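What follows are several structures.
Common to both upcoming complexes is chain A, partnered first by chain B, then by chain C.
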Partner chain A sequence: MFPTPIENSSSLIRIGYKVILPIALFLWLLPLLGIAFTSIRPAADLDAGNYFGWPSNFAGVENYTSVFTRSNIGYYILNSFKVTIPTVIGTLILSTLAGYALAIYNFRSNLIIFFLFVAGNFVPFQILAIPVRDLSIDMGLYDTSIGLIMFHIAFQTGFCTLFMRNFIKALPVVLIESARVEGVNDWKIFYYIVLPLVRPAIAALAVLVFTFIWNDFFWATIMSQSVSVRPITAGISELKGQWKAAWELIAAASIIAALPPVAMFFMMQKHFIAGLTLGATKG
Partner chain B sequence: MSTPNRRPPPSLTPWLFLAPAILFFSVYVIYPVIQSVMISFLDWDGLGEKTWVGFENYRDLLDDPSFYTSLKNNVIWLLLYLAAVPAGLAVALFLNQSVFGIRLYKSLFFFPFVISNVVVGLIFSWFYAPNLGLLPNILDWLFGTPIAVLAEEDLVTYGIIAAGLWPQIAYCMILYLTGLNSINSELIEAGRLDNAKGFSMLWYVVLPQLRPATFIAVVVTVIGALRSFDLIAIMTSGGPYGSSRVLSYFMFEQSLSEYGTAMGYGAAIAVVLFAIMLVFISLFIVRMLAQERNA
Partner chain C sequence: MAKVELQDVRKSFGTHEVIKGIDLEIPDGAFCVFVGPSGCGKSTLLRMIAGLEHTTAGTIMIGGKDVTIVQPAKRGVAMVFQSYALYPNMTVAENITFGLRMTNQSKATTEKKLSDAALILKLDRLLDRKPAQLSGGQRQRVAIGRAIVREPGVFLFDEPLSNLDAALRVEMRTEISRLHAELDSTMIYVTHDQIEAMTMADVIVVLNAGRIEQVGSPLELYHNPNSLFVAQFMGSPKMNTFAVELSDYGHRKTKVDLPNGGFIVVDGSERLSGPAVLGVRPEHITIDTKGELKGEVVLSERLGPETMLHVDVGETEPVIVKEDGLNKLSRGDQCALKIEADACHLFASEGQTIRSGSLLD
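Let's turn to the complex of A and B:
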């Protein structure tokens, strides 16, 4: 293990480490703690210049309630779920199928297709924006959840196919080979042998895609307008303009917007990190 | 990795598996790239007639001071954002212990990456805000001069980058923590016997083994820097006086925002950004290809 395990060091260093650890964490999360504190502060405190002192009273319930009553944030949250969940499902279906094909079959254009998916995954959104928005308008999908879902599925498929393909390639080939020798057809191999084995990859990608799409701001901004479609990221950026100085409300809205991916992360931490660190260990 | 003798495929089957993904990806990713390149040669307001103008949009870009501001800021983003890689390594080394509760510490250090950039932008808008922001108050207390970072043309980009580094360092940290986890302990022990310690151990024994993590950290950081958009949109809308624009935001202003109708011009900006990114994408692909060949 590197660095040297702290247990093997002198007691001074051991104690020092345990003291520094919480301090470092406190400093690291200071901006977040600040906004959390602001979100439970009464507006009067901010008017009176009590920005950092102890809140004069706990206004958390009021602030969070008025975020919901004074804005459409309830709709925005619902809209985000309406876009995020179908995207996760659609992306997983497309990329599992494609990843299987690219991992298992040897055909001439295999690598070219694979690298197109990889490369597409890195293009800047701006070079897609004008044509994708026009296409969505033409298909009548502008300012609808479906329009956002379709694009997100397509774009996320790039990354997820890369992931799936590498994951399936690392599976024991003997299983697939012997099924083939037995004469099992390709769809059955996919469904009965490969699909159960890729469950960890599906879990990892599901959490990752959920977080990416929930947190998407660019497409949410340019592809939606109405209250019944706008996802939360686009929604709260509007609120910032409306509530200029009402930081206690902006703070509360920020915390609300951050909660779903945070909850997802803490519930599925292992899968989340497995997905994110793909390739970080093998050379 | 083993590549066994795969049976010559029934020719149609792989394509059936690939069809839905290829269809979606072509319609929404591949084809739009080509279309944007085409649009960059047009004078077009998005609705009316399209006029072919050749390279005029690109020539106009070269005369546009906003273009140079954006380009310069992109370079600053790229260079400073890369600090996330060594910083992430430092945090990972700091946390790679097994004291009580360390797993929770790691999760909480990773936390900023999980929340959306919009929220990070709002958090830092508050952090920098004049009067009530934490930073101006700290500066006032230390030096007697509160500085509203986001209102200063010379500082604004650095202020936004600092906000972006927060989640990016967390990302690099998690990559390195995973890398450190799978390090060959025999090599470390051998290094210890050879009297390698501290920095020389890190440099000669540990870092070479962390190369895959470093590679990914650099790739995601470079791409992240060039993609920066959300924080700028949330924190400054490119201001003050356009001084915090980058190419992605400049393009948005020209073609996608409420008043943006210069499709050809915006597409030209996007093509320039794409060309810059293509350099890095190619490097990445070349390296991945080398890995495939060795596999």
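Let's turn to the complex of A and C:
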């Protein structure tokens, strides 16, 4: 069996494994634990310098409620959804269609177009920051949700198309040929045969793009200003205050901000089932 | 039901020509098998008839209509793929009726055709299953069912049995033959297995390197091959061959000098002298103390009803002799082989037949 089960290893390795694993796990989770503890600490603890010790009393309820009362975080969460959901949907539609075309049809410039999609991923976002901001101002899209959505879709479609094209390319091509011989038109082949089979890929991309857009700070700060547009990642900074950063509130807001991607993962989880093409061809 | 005609059909991938000019007429209702070694172009030719491959040059006619540039769906063909190509997300019933539903056939006809096909193929109990829950043979039957409901003029089979195990292959072979008799359609069947070709075909087309080597009925190809290639391809175990020297024996007879000193005399050879290849099938060699060829048994394959003896006579490959199943000879035994002169084929060194050993009337 590979890898060898840990129970069958020498005692030295077994003990080492049992000692090192919890330490590694603790170190890995430390930042997350730090945020979680800070979010339930009373402000007084932080003022007194009790950053890492045990909280003097549980202030979770006050902290989490004051995040909502002392800032516009409700708006920001809504703004994030307003940007993230259309981006995920738009990206998936475009990249699945483009991936299908690039994987199935043999047209002359197929590979060139495919490489363009791939090459787009190598351009660093930072280089594009100023041109994109200027362009969005010229187009009247600066500080609007639609502007953020459009630029996000443009940047995400490259990678997603690469992913979908390769996934569709791996499907048995006879399925499509067989449907063609049966006289099924291409849109129907896409909808009834390809789409059900790429569901795991769509689910994976949905989670990936959702998390990425939700967590995006870069474009959120560059492309938005007003309370009605700012996504939560940019909005959290509002809690910094004028003279003093309210770290317990920032921590609480961060935990709230992190929840939707986690929820998204669990929602999509059941679609990640492998072996959907089982039985299509000789297994 | 439709006749299929190919006129000087060619296919190139880039500069590489894989189909080098095929002229063929497959009569209406015939069971035609394309057979040949891998890479001979048989699958490509079938896919060209189906319309899945572009035809570089030449004309393809189905049912008297030129379909060379017609889309696959409009050619009146149905295809069964080697890998079944079932839609994994659909049940058996949905798989079979997919094409009908997508081309807006009425619900009543769809139901009727589905139940007819299910009955013919004994799939009626499996209609609600998904492909993953079926065995290989059942999957292949679903694939055939999908072809049947289209009621095509021509059925195209691309090595449909090569993914099945041996026993199931024999069963499906008879089933496809029965289907041909029942449906009375033209069927074109591609295989590399000469046993499938022999057992199922009305007409066999032997392909080699993109060209037709020979067309004929199974027995005609077996007994009367017009080249060494066909002779060796048809028949299992394959025909024994020896490099021999011919000389004139008088009275239009030819003396064939065997490798280790013996000779046989045959009549009717086109050439009377020079180098040639002697071909003789395992069933036309017998163990006989007066035989021309002496050798030693190196392997005996006991199949039950018969035994295949591999006899080393000093050539690079042993001679295979088909003997009775009760034959006692085994590895290490010395024996002499007698060759039935009438059944001897002679081939020129370029490969074409110069004497046919046909035993047909």
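One rule holds in what follows: the second predicted complex is superposed on the first by the 244 of 283 C-alpha atoms of A that agree within 3 Å, B and C clash if a C-alpha of one lies under 4 Å from a C-alpha of the other, contacts with A are read in each partner's own complex, and residues count from 1 in each chain.
What we mean here is this: a contact is a pair of C-beta atoms (placed from the backbone, for glycine too) under 8 Å apart; a residue touches a chain by one contact, two chains touch by 3 or more.
Keep in mind that this is a model prediction, so the values were computed, not measured.
Once the two complexes are overlaid on the shared chain, A:Pro196 sits against chain C while remaining clear of chain B. Once chain A of one complex is fitted onto chain A of the other, the partner contacts of A:Arg180 extend to both chain B and chain C.
By the touch criterion defined above, A:Gln269 lies against chain B but remains apart from chain C after alignment on the C-alpha atoms of chain A. By the document's definition of touching, of the two partners only chain B reaches A:Lys18; chain C does not. After overlaying the two complexes on the shared chain, residue contacts for A:Ile77 are found with neither chain B nor chain C. Within the superposed three-chain model, A:Lys188 lies in touch with chain C and out of touch with chain B [touch as defined at top].
Of the two partners chain B and chain C, more residues of chain A are touched by B. When the two structures are aligned on the shared chain, A:Arg133 is found in touch with chain B, with no touch to chain C. Taken together, the two complexes place residues 177, 180, 276-277, 279-283 of chain A in contact with chain B and also with chain C.
Of all residues in chain B, only 1-2, 4, 6-11, 13-15, 17-18, 20-22, 24-25, 27-33, 35-36, 39, 46, 93-94, 96-99, 105, 107-112, 114-119, 122-127, 129, 131-132, 134, 137, 166, 171, 174-176, 178-183, 185, 188, 201-202, 205-206, 211-213, 216, 223, 226-227, 229-230, 233-234, 247-248, 251-252, 255-256, 263, 266-267, 269-271, 273-274, 277, 280-281, 284-285, 288-289, 291-292 touch chain A in the complex they form. Chain C meets chain A in the complex at residues 50-52, 71-74, 77-79, 81, 83-89, 98-99, 102-103, 130-134, 136, 139, 146, 150, 163. Taken together, the chain A residues at the contact with chain C in this complex read 172, 174-175, 177-185, 188, 192-193, 196-197, 275-283.
Listed in rising order, the residues of chain A touching chain B in the complex are 1-3, 5-7, 17-18, 21, 24-25, 28-32, 34-35, 38, 46, 49, 51-52, 93-95, 97-98, 100-102, 104-107, 110-111, 113, 115-120, 122-135, 150-151, 153-155, 157-158, 161, 169-170, 173, 177, 180, 186, 190, 211, 214-218, 221-222, 233, 236-237, 240, 247, 250-251, 254, 257-258, 261-262, 265-266, 269, 272-273, 276-277, 279-283.
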